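In what follows, chain A forms one complex with chain B and a second complex with chain C.
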Partner chain A sequence: MRMRGFATTATTGILVAAGLCAGARWHMLKMSGRKDLTGVKSCQTCHGRPRTVEELPWAKPRPHHASPGGLVVSPDGKRLFVALDDMDEVAEVDTVTLLVVRRSKVPGGPTGLALDPAGEHLYVTCRSGDRVAALETAMLKEVAAAPVGTAPVGIAWIPSQGSGRLVVANSVSDDVTVLSASPLASLGLLAGGREPYAVAASPDGSTAVVVSRMASLARGDEVPAAEVTVVDPAALRVVSRERLESGHLSEGICAVPGRPWTLSPILKVRNLVPITHAAQGWVVSAGVAVCDLSKGSVVELPLDETNAYFADPSGIAVEPSGKRAFIASAGANVVTVVDLARLSHWLETADDGARRGAIDDLQLSPEYVVARVPTGLNPRQVALSPDGRTLWVAERLQDSVLALDTGTLQPIGRVVLGDGGSNDPIRRGERVFARASTTFQGQFSCRSCHPDGHADGLAYDFDIDGVGRDIVDNRSLQGLAGTEPFKWTGKNPSLRVQCGPRFAKVLTRSDPFGERDLDDLDAFIFSLPPSRTRSSGPWTDAQRRGREIFFATGTTDGREIPYGLRCSTCHRPPLYTDHLPADVGTKGRADNTGLFDTPHLLGIAASAPFLHDGRAATLEEIWTVYNPKDQHGVTNYMNKIQLNDLIEYLKRL
Partner chain B sequence: MTARRLSILGACFLGTLACRGRKAQVPAGSLVIAQTPVLSAASSNQRSALDARIPPGSRVILASPPLKPEDVRVLSEGLAAAGEPFVTPDGQRALFTGKKTPDGAWQIYEVLLGGGEPRALTSMPGGAASPALLADGSVVFASPVRGSEDGWFPKDPAALWALAPGGASPKRLTWGTASAADPTVLQDGRILFVSAVPPESSPPRVSLFTVYNDGTSVSPYACQHDGSGEIGHPRELPDGRITFLSRTTRSGRGGVTEMILPSRPWMSRRELLPAAVIAEPLFDDPAWDEAERVRTEPRKRPMGRISTIDIAKKSGVIFCIDVDHTTYEPRTRAARVRILAAGGGGTSRPLGEVPVHEDGSFMAEVPADVALGFEALDEAGRVVRRLPPSVWVRPGENRGCIGCHEPHGLAPRNRRPLAVKEPPVAIGLVARTGSVKRSSP
Partner chain C sequence: MTKKSVAVLACAAAALVLTGPLKARSGRPAAELPFPLIERFEHFGLEQGLPAWKVHCVLADKGKVWVGTTKGLAVLEGKTFNVIGPDQGLSHSVVTALAVDPATGDLWAGTLRGLNRISAGKVETFTQTSSGLPNNVVYSVAVGKDAVWVATAAGVGRRDSRTGSWSLFDATNTLMHEPWAYAVTLSPEKLYVGIWAGGIVEQDLARGTWKEYRDPDGEFELDLAPDDGPISDISSWATWEDGILWQGSYFGVARYDGNRWKSYLEKKSPLVSNFVNFIAAKGRVAWICTDRGLTVTDGTSWATYKSAEGGGGTLEITRPGAPPERRRTATAMSNDFILGASITENEVWFATSHGLTRGILAGRNAQATGVRTTPTQGASR
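Let's turn to the complex of A and B:
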């Protein structure tokens, strides 16, 4: 009797469970519009997600820090100006007492600084405000402002045409604004490289040189290259574009007095080489690009050594005498000192082949690197006093500026701007993100490939899936909160898994991050808002039309679009992802699967290239080239104007 | 208070004492020292170079400040001979090479510096020597102990092995045709060891190599072009420089201490100290020769690394970006590459050939844990460059090379090799292990 009761209960239980599973599967297939999903996904795949972006960590208030950005020293050497972008302030420092004597509010994320030759006006790029502000240095008060391109970063005063001109690198709109200094007004806009970032006057002061932080988009096996754009601000034209082959993360540029050179720190990426290990600079190495403007030639030289790397070279300054250059290695917490006479001697005696291959010779740097000076956390920008005796180093992630005696290369003191933020998990996470000591021989940091948490726009071949297999585009980390799962295959359910031991095994080839580091990384990465795009202001008609197309249930010729092939089915608001893998017909010869994670679309316009292996250089190409069978949504009915409207809408997200 | 509570308290107290005993810190400034008896007669039965270096009666001691000879503790108590001490990064334990009887085999021993008897960690046939510690606590050592007449290319070359903490049997790491000796663990986690470049022309060139903690990525580190002199006992200084002993024969004591800079290892070899400098001994016992001393202060643990091998596999993949990237002259263009495996008695046997792509690249799936060599062949099948069997891949390892005898210290050029666009060519595999192409017979 008891056995019979047990059997009845068990059978009933099994039937109920099977019914629930069948119901859940029916619900899953119906709501996702998919027929290719196997099994039953967890309810949490779709439910339990944020319903609005306001619930996400990046939308919530966070602590702000006095992180030093741009630095500039007054012509008399008595004052140091420091941009504090996270505080919307510019600080003035007494260079003798090393004390902050004044702070001025400058809205819009003050980032880059430039002074006029008399030191009477300080020009400030406001990265989030898309403007340049002019401050009178006597009172440190804003007296004028002018709009520029999107996300201006670098700025330089060019002694040209009467009152002088300002040249500004606009990092998101990929262009360069030329302004008159007095009155402060935009004169013209020139196309830059990909993410123009730093600006300097050329050695003779007649032109401006602008370096782009990102390598240009390269298709397939093309070698990527960043760019030094030489601009004539008087004629408002680009004079030349010099190619930094496989250059990336160029955040500084400086002219060399007495030589027709500009120097730009670079990361030499090796994204085309299958990542089978990290030694020998196999993933990336640090260098400096010497651009000879008189010849239009570029030689890239290593800053790394055979068994040690100095990751993420960022700011650069050259002594007024032109004898030495100081390069902040942001991931290694050192300033690298380069003897330019020795470097010049090597260049003069090397043959063409040696110069071409110099960047790959990891035994070369002792020829001209004469010192490595330790600094605080994340040295990014550097500035020299006019007499060249003091080097100022912005220690960005500890809210301080280090003063170094360039004669002894010993610290003189430190300007304390804030408390360092050690109690803030987001700040701690950014420190983990920016430090290279967690990779084999300190070769790279998370920031090397994800500057500002964004992506470098390059595709990589990780050998864990087989050499030459599953080449994947690097994905932005901005706006990532709530968009789980991660990885192009969608196999990582959380950031902790994504950044855990597998990451150490495949990429850093070192100890994995510890538990606390993972917690802090979570806090930092999830605090990153979606990427900025160029689109802002009121909605345009094209964007409105594009929104209708995105949510359309039928084509313009009256056919119904199947539920599973509508844009909004998979790219479901508010994050524009359904968190499920999908086959959109993009499986290539090197791919082990055709199922790829559905990416979120917030800030998508800034995340080129597109698709899992970065094959689409533009949003247009996704549908005009890589969607012949309407597997990636029904789009082939659209005419050119409709497709443009759809893309205008996507750029707005 | 009940008797039960008293007994628990008593147990806790004893436990605390025991824990203290285990965790007892030796005084700051203490040294672990290897000593050999002064005027010790060389053993009449010197079966190995180690027997000559560590004669009978040699011992390992702990000396604490003020470093007086009369106030030392013998760590190798009960052993017939002991030497090659290594102190773990936590400063708690010493490892050393020792043997119980004069005719016994050398093995690796462990002893707590806080007190206790030495404990044998290994029982390797042919003996074990030169212990060091990996980041995960595994003990790495060389085995078998090289015979005094073996040379660098014996029939059964010494290899490096790793014994995991609490592990039952050690795992073999190196598979070269030359013996591997004197391992030390660098701060970046790699194992630095002494071995020899295969003798295309005798004598072999003894030099420094590195390998990861799982035996992958064996690579030359330094001294590959420095002639035939013997070197040994490499160590990494706190500032990153690598020191080693240089001598004409391995059996002699003393010798010159040399160094290399890690920034340019193939260009910086020189004597560590000028000849005029005579260092004052930190510890001097007239009855003994101090062969080696090691500080006991805790130091930074080396970087770890998660193994990339898949022990279930029998093969690995090797690809070369450009086989024509070489220092050899003339740089004759290679059309094919013949892959060789080590045979007996210094011979090699061909496993098969793999075509070279237009850009000079090739990729092959090859047997794991076998010493492999390569011959670049021109269109007519003539050998234009040759690397005798000396490198290997571990199971599941993907090994990338820049060229064939390319200059040392190079990073790869940023380009995608044509060879990686196709599956690797299977060479010398017994059974298919994946999506691979077969080589032509």
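Let's turn to the complex of A and C:
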């Protein structure tokens, strides 16, 4: 009797379990349209995710910090202006007492600063507001504003016709706006490099030089290159474009008095060298690009040393005498001092081969680097007083500005702008993200390849899968929250796994992050909202039509699109991912698998190139070139108008 | 003969001497032509640095002359031609259309495989697979205040200069009879598109509405009812300038002033040929490039340049109400099959099927290019 009862219970249990399995399989088939999802082990893979973007960390309020960015000193040297983009403020500092005397609200993320020669007007780029504001310095009040391109960052005053002109680097729209200073008005929009970032007046003051932060997208054996764009603001023309080969993260530029040079800090990225060569210093190194505008030539020189690296060089300033340059290494918390006469001597005596290969010679920097000055956390921008005696260094992740005596290279004091945010896990996580000390010899930080948490547009060879195998496009970390699993293979269920001990073995070649660092890193990365794109304002007709195509269940000629091959099946709102791997027919000869994680689509337009190995330079190419068999959704029925509409919709996400 | 009579005769003779060259053969005073004449032609070919003999298009802009050939884009700057080809990033070697953005100075170059933006030496390409460009075969480019327009083998494309977004217009969403667009040209308020077998379509830029101009008689080769509309539904070119739209066809030319159409045919006007490749306009004067020479006209006065047998050329001037005046010229176009033209203050540049030609305008102060040119006699091939 007891046996019979046991058998009945067991049979019932088996039948229920079988029924549940069959039900689950039917459910997965119904919801995904896929029969190949044998690897799905848990309901959690798909369920338990945020159902609305409002639930995501990046959509919730977060603490704001002073985070000093742009700096500029008044012509009399008595006042320092500091852009506090995270607070929507500009601060005015007394350079003697080092106290903040005034703060002014400037909506839209004030980032870059420029003063007119008299110091009467302060011009401010507002990165999230897509505008330039003019403030009267007497009252530190906004008196005028003008719209510019998307995400303006750098700005410079250029002596020009009449009242002078302003040149603005628009980092997302990849263009440069020229404005008249009085009245403040846009005069022209010129094509820049990829992510124009910093601006300075050229050595003779007649033109503006704009450096792009990212290298252009390269195809095949092309060498990616950042760009110094030389702009004539009077003629509203681009005069020339100088290539910074393999140059990345160029966040600063300045002219050298007395020489026809501009200097731009760069990261030299050798992205297709297997990451195992980090041990030899062959993956990322820091340098400075010397652009001779009179010759149109560029020489890239290292700032690193053989076994010591100074990651993420960012802000740069040159003494009025033209003798020394000061370069802030944001990842190393150091200001590097370069003797320009010694640098010039080396350039004059080196032959062409030595100049071309200079950036790879890490024994070279002692020829011209004369000092390394420690700073607070994450020195990003620098500014010199008009007499050149004081160097101001924005210590972004410490909420302070360091004042250095350029004669003794000793600190004079600090301007304290905030509490540093040490109680905020997001701020702490950003510090982990930006510090290079967690990588082998301090060669690079997370930010080196993920500036602002975004992507650098390069593909990398992570040799864990075999050297030359599984070369993968760098993915943006912006808008990542809730989009687990991670990695192109979708093998990492959480950021803690992604950034844990295995990460140290594969990438940083150093001690792994500690538990608290991992928690903080999680908090920071998940606080990053999706990337900004150029698409804003009211919905266009094309975007509306594109949305209909995205959610279409049938082709325009009346055929039903199989459930598993509809855009919205795998790229399911609200994050436009189903968190599952998919084979969209893109397995290449170097790939070990054809199954790749389905990326989310929020801010996707800002993440070129596309597909797992970055083979598609544009969104269009995903479907015009790399979807011949309709494996990446049924799309080949579309005419060009429909495809353009779909892309306009994607740009909107 | 009295002294008075002698004086009168002397005055008359003097007047005859002074005004003689300006008189038409009828003896009546010659009317002032509404356009300058070309006094001399210079030729540019392989010897001067052009990469190919066949020149599809030409554009003179602020001291530079951009030349679209079958083997790349050449630019004459100073004394030499520099060539931008596929090795320099150009999307294709056959350059078919050129336009300069007056706001930025960037050059837009259409090719048989995509569109290119050349900005301070950097070449950026847009193809039908990598961008929203309707089709890789680009016949015409026009730059407006806020967008670049292209005529392609599969419709018209508009690239928004601020956002980079593309809009496409073809037979599915406009009044275009078919998508094969040969020309785009802009007035301040309107876009005009020359459609192969579809006449002209017009877009009101502010409203986005479309209007179609078709040949009312419906005959391609014949103009049964003169001045009733476009000369033919076959549009090979369209140019708008100073309130006048000029339509080129392989069956003649039409002029539209916003109210009335006027047709011009080889047999009924001094037009040198009905086969029109291109029309450049300056003011209200059209420079009509055909398969058999060049005709310049404002619709009333005409001048036609052709090569002559044995070298040199001919110039035929027709003034209103006067018989044609024929002249021999020492120089001529390098070839009478003319594919493009670009007009400046002092000169006109011509793209021909056998070389680039510079026409120096009479009475103007044209500077020498510094390039040693080939013998100046016409060489029709």
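The working rule: the second predicted complex is superposed on the first by the 635 of 653 C-alpha atoms of A that agree within 3 Å, B and C clash if a C-alpha of one lies under 4 Å from a C-alpha of the other, contacts with A are read in each partner's own complex, and residues count from 1 in each chain.
Keep in mind that, in the parts below, contacts are C-beta pairs under 8 Å (C-beta built on N, C-alpha and C of every residue); 3 or more make two chains touch, one makes a residue touch a chain.
Computed from a predicted structure; not experimentally measured.
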item: Clash or fit, chain B versus chain C on superposed chain A; value: fit
item: First (chain B), second (chain C), both or neither touched by A:408; value: neither
item: First (chain B), second (chain C), both or neither touched by A:461; value: first
item: Residue contacts with chain A in the superposition, chain B compared against chain C; value: B
item: Spatial angle chain C-chain A-chain B, Cα centroids [nearest 10 degrees]; value: 130
item: First (chain B), second (chain C), both or neither touched by A:641; value: second
item: First, second, both or neither for A:349, with chain B first and chain C second; value: neither
item: Touched partner set for A:189, first chain B, second chain C, both or neither; value: second
item: First, second, both or neither for A:423, with chain B first and chain C second; value: neither
item: Chain B versus chain C as contact partner of A:511, first or second or both or neither; value: first
item: Smallest separation of CA atoms, chain C relative to chain B, angstrom; value: 19
item: Residue ranges of chain B in contact with chain A within the complex; value: 135, 188-189, 216-217, 219, 240, 261-267, 303-308, 317, 319, 321, 363, 398-400, 402, 407-417, 419-422, 424, 434-435
item: Sites on chain A touched by chain C in the complex; value: 149, 173, 188-191, 227, 229-230, 235-241, 534-535, 540, 542, 617-618, 620-621, 624-625, 639-641, 643-644, 647-648, 651
item: Chain A-touching residues of chain C, taken from the complex the two chains share; value: 103-106, 117, 119-122, 124, 128-132, 134-135, 154-155, 161-168, 170, 172-173
item: Chain B-facing residues of chain A, complex; value: 221, 223, 245-246, 268-274, 276-277, 279-282, 285, 302, 305-308, 357, 359-363, 365-366, 440-441, 461, 463-464, 466-468, 501, 504-505, 509-512, 589-590
